[in-house]
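Letters A, B, C and D name the chains as they come in the text, with residue numbers starting at 1 for each one.
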Amino acid sequence: MIVILKEGAPKDHVNHLLNDLTQLGLKTDVIKGEHKQIITLIGDTTKVDIENLMARQVVENVRRVSEPYKAANRKFHPDDTIITVGNQKIGQGYFTVMSGPCSVETEEQIVEVAERVKAAGANFLRGGAFKPRTSPYSFQGLGATGLELLLKAKKATGLQIVTEIMSLRDIDLFADVDIIQVGARNMQNFELLKELGHCNKPILLKRGLANTIEEWLMSAEYIMAGGNTNVIMCERGIRTYETMTRNTLDISAVPLLKQVSHLPVIVDPSHATGLTSLVKPLSKAAIAAGADGVMIEVHNCPSKALSDGAQSLTPDQFDNVMESIKRQLEFEGKTLLKA
Amino acid sequence: MIVILKEGAPKDHVNHLLNDLTQLGLKTDVIKGEHKQIITLIGDTTKVDIENLMARQVVENVRRVSEPYKAANRKFHPDDTIITVGNQKIGQGYFTVMSGPCSVETEEQIVEVAERVKAAGANFLRGGAFKPRTSPYSFQGLGATGLELLLKAKKATGLQIVTEIMSLRDIDLFADVDIIQVGARNMQNFELLKELGHCNKPILLKRGLANTIEEWLMSAEYIMAGGNTNVIMCERGIRTYETMTRNTLDISAVPLLKQVSHLPVIVDPSHATGLTSLVKPLSKAAIAAGADGVMIEVHNCPSKALSDGAQSLTPDQFDNVMESIKRQLEFEGKTLLKA
Amino acid sequence: MIVILKEGAPKDHVNHLLNDLTQLGLKTDVIKGEHKQIITLIGDTTKVDIENLMARQVVENVRRVSEPYKAANRKFHPDDTIITVGNQKIGQGYFTVMSGPCSVETEEQIVEVAERVKAAGANFLRGGAFKPRTSPYSFQGLGATGLELLLKAKKATGLQIVTEIMSLRDIDLFADVDIIQVGARNMQNFELLKELGHCNKPILLKRGLANTIEEWLMSAEYIMAGGNTNVIMCERGIRTYETMTRNTLDISAVPLLKQVSHLPVIVDPSHATGLTSLVKPLSKAAIAAGADGVMIEVHNCPSKALSDGAQSLTPDQFDNVMESIKRQLEFEGKTLLKA
Amino acid sequence: MIVILKEGAPKDHVNHLLNDLTQLGLKTDVIKGEHKQIITLIGDTTKVDIENLMARQVVENVRRVSEPYKAANRKFHPDDTIITVGNQKIGQGYFTVMSGPCSVETEEQIVEVAERVKAAGANFLRGGAFKPRTSPYSFQGLGATGLELLLKAKKATGLQIVTEIMSLRDIDLFADVDIIQVGARNMQNFELLKELGHCNKPILLKRGLANTIEEWLMSAEYIMAGGNTNVIMCERGIRTYETMTRNTLDISAVPLLKQVSHLPVIVDPSHATGLTSLVKPLSKAAIAAGADGVMIEVHNCPSKALSDGAQSLTPDQFDNVMESIKRQLEFEGKTLLKA
């Protein structure tokens, strides 16, 4: 860590600062430049509070040299993490396809979709019971009833379930859910993350719309710091000025995360752009970039979808996308386990 | 609301769609263009689910003509809302200054800061007990103890309290807090917003880092839909590519909100830029743009601040800023009530 | 095109507006909503000046239904454009690899790189003679001398040349250049685009750092409107808040452009992220997403590179990337012609 | 400047790098951390090419400690620059109001607007002769004829002229223009900037839509490096995800620029938001934040405006805005000279 001092910083203030830093167990060096002085800090700087440091009147800026994340850092865990969920594996050569409707609506709907996506090759069923909606006047999901319907679909097909949690108050309701999803809007709901750190289920952590890759890793760190190391990262598009797509898929995040972290990374092309016509090319791009899975919205009757229909494929369209995905996985030597 | 149909949309699908829309109580008109057809919808479109509509195979795009917010809409509430909190008022000519440290640390600290900011003219004490921190390894705030210290400072000075809630589980702890703050990261924590809609305290709703003004108003709508109409909007900077400031203060949001909504709007120049040297000019800009208040970080000993120190003024610096603010409020004919 | 009128727009003003619109040869319809009226316009709206329309006191907003681009629009040119450059083809199944150093430095350097990238399979040599640099104190390129060195490398290897133009004053110097590149910073240098519209060389049009896909197509339209329809679009990353990569590669732009336009689209993974370790995964992602080519920086001695070295591969690294690219092109059934 | 080395960087490579840096006249120090080594550079680092440094295989990252701009840096020129243009002054207490239509259309129009804005108190006439338009099918300005009309308006009113240049080919046409404007889209048209560095006219440099404050200062540096130190910075909004305003006015840029640079800074509220209703509050905010002027669009008949009408005030609306501006300038103790 490097601390840049303000010009003309009084000697006694600087000494005071150096003293405090030494007491934190850090080795310090002072370099005097033409205009500015800098202090270099050596030791475990993960726990140094940058804002605290910047609060000192003599400090102009502070810059990290090492990454602030530890548990998620590949440097300390060189091997890929494989997440095992029942008979499924995610990561290090095991590819996953999570599919299903944006919202769970009826038993008939969810079972039918589950059957279709399973037949096409998906190995997890996704579906929203609790729905984060911009407007309080929009359909908010079936809630606990939706979770029950998902479990019925699981029973009918054997597909394990991925579904989103919106409040730590609901955590007990998720006892039979296989993978708990944290949505983009809750990526920095730190109280929820802490709670999930104490449960023993895999967490699918979606990237926030305006969050950096480093912040995203720090949110994974919140979960892992609690003891739950089963975190799956999901890139789902970030907010930019572009308006032709709903969000901008940050495809570079995939190989970058694979380099700096050992956690599995999947891509959600449906939410990333909001356009069904882009699901196939972006799923292929995700595989090519090294992703460990994709999450794709499929609806058995999009014209009646209660939410997010524009980005949902029909089962027939999904069959077509899955054929492409399977061919490419074979080319890349990746494994898609049967559900 | 305008529905743009895809080219070559089959007649029977279009008729089916028109039928469904009519059943929602909307009047429809079909306009045939050279390449595309559009449908115009007349009636209460607030409850129309745009994503639902876009799910129809024949629909290319949907565009609102009217605003999706009702309770917060000036059109239906032409007069400015004035929020009354104890002996204080916020809005329509009544300006508010909320000041205090980022984090509550000790009784001595918070009481001392409270005395200083009160003496300078602030009419609310702000301070963080529950702190949203990017890193799980950073100080997370004193929690319930912090709330107790804030109440001691209130008792000592008479300044009412503004502090942030991070989890709906904590809501009972906030019984004696005067204004509950929802932080930027929780602006779309909809479960929390719904809960706050059922309490009878004023809510300070900070804008999310990547949220549009419309989404921000929809979050106010979540609170107001529950019955709590005492919402204060707080612009605190949005995330852009600029790196010299921590965030970018969207000053235009102030006059724009005052035009489209009747809710009071305040500005937080401390968090918006992260630079103390910008607090004075941006506080002045906020007043000039029509803001109903400012929230300013002040710390009695910034060099020991446990969080966000770089943006905290010393009490002496705050005295200087308050002199400017008072002169400008007098010039603008706005009232700053004594605490 | 849809014109949304302000509430309470006076009848005579509206009639005046309708009259003007009719005189432009457009068919108008007026729809009266509960709060607002809208006018729908049918006919050739490409030439309607939206800002002009919005200037009318009675107009609240104007929304396009049809795209503002014509020459670049796939709707009017359903078949893919293939750009033929000497013995090379780009588009519709013909993939291109343009490689070389960021800056041309010496004859030895450029010839050596040209030989290496040709041997690896590249079919164009790229290299900067005129360099857009943020700082006036940085190396600005060899200029005309750099162009001469490129032509020497062309003579030595047979590789055709792609290089950037920075000023319309230099256009005669580019007489022997095979493809003229317009850099991101000049994407809306309209005077330059107009001039290039009158030359008969293929233009590689890079996307501006903050430009929408629609603006990018409109810049292609500037060139095509002048008669030069040989435009190759190059996605090279857009500016977002993410700091781990230099820019954010908008991979969705590739399939989206292929859908709405008939022009070839290539991807520059080197400039998009500024990280050599991402060049291979992002080149693969580009192919998977349907790109017609990639532009990759290669330098024979990156440690002495005068500009942009961090993103340059060594020739050995490039060999490795090309092996992946070739295998994937074979899998996708695309053709990479020999230079 | 700080150079962060990669882990495990070979000793001989590091020595080679140190040797090269020493030859640039820089003093180097090597600090060994637990995981990484850093090198600190002391001396004139303005000319160090960061990309060049980053090209070295052993270098992970490079961070500046000092600013890369010199001529525009307040550190080396502590006093405010005052730009003198005929009988007018801009900067250090002298406020300027530049007003007029987006496009020059007819002699009658421009003279009438000039008379009205002069009567209201503006001290410069702005108007576009060469217009940068997104679409080639939109009105492109009257060109040279437009410049002649502006000079007629100058003759009629005595108001000096500010107008935009779009191509270095046109520079001779601007011989009688008083202030040459560089538009946002040309902020990094470096060839144009170099040319303007050799002319002796004040340059109004608008900030690019996606450019950082540092890049903007570097573009000023391009002009100043050529000998022309008369540069006026103009903040006109940056591109963000917000859609309610056309761009987002970065008001913080005003006080920040005043701190780090000695150049005058003005604000263009018309282009920043595209909404006439925001011109008054944002002009006031600009003054409060310390701006040295504003540029405001005024049109004598907005309903016929050929471009950008939505953001143009009528002369009557401008009178009203000017009354506010004058009152506030008096309050702030700033001088608005008569034209």
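A few notes on this one:
What we mean here is this: contacts are C-beta pairs under 8 Å (C-beta built on N, C-alpha and C of every residue); 3 or more make two chains touch, one makes a residue touch a chain.
Note that the structure is predicted; figures quoted are calculated from it, not measured.
Traced through touching neighbours, the fewest hops from subunit B to subunit C number 1.
Chain pairs A-D and A-C differ in how many C-beta pairs are in contact, and the one with more is A-C. Averaged Cα coordinates give subunit A a centre that lies 26 Å from the centre of subunit B.
Note: centroid distance subunit A to subunit D, computed from Cα atoms, is 39 Å.
Here the CA centre of subunit A is 31 Å from the CA centre of subunit C.
Counting partner chains per residue, subunit A shows two or more touched chains at residues 210, 239-241, 243. By the touch criterion given at the top, residues 210, 212-214, 238, 240-245, 248-252, 254-256, 259, 272-273, 275, 277-278, 281-282, 284-290, 328, 331 of subunit B touch subunit D in their complex. Those residues of subunit A whose C-beta lies close enough to touch subunit D in the complex are 2, 4, 29, 31-36, 38, 40, 42-44, 63, 65-66, 75, 239-241, 243. Across the complex, subunit B meets subunit A through its residues 46-47, 49, 51-52, 54-57, 59, 68, 132-140, 166-169, 185-186, 188-192, 194, 208-210, 215, 218, 221-222, 225, 239, 299, 302-310, 312.
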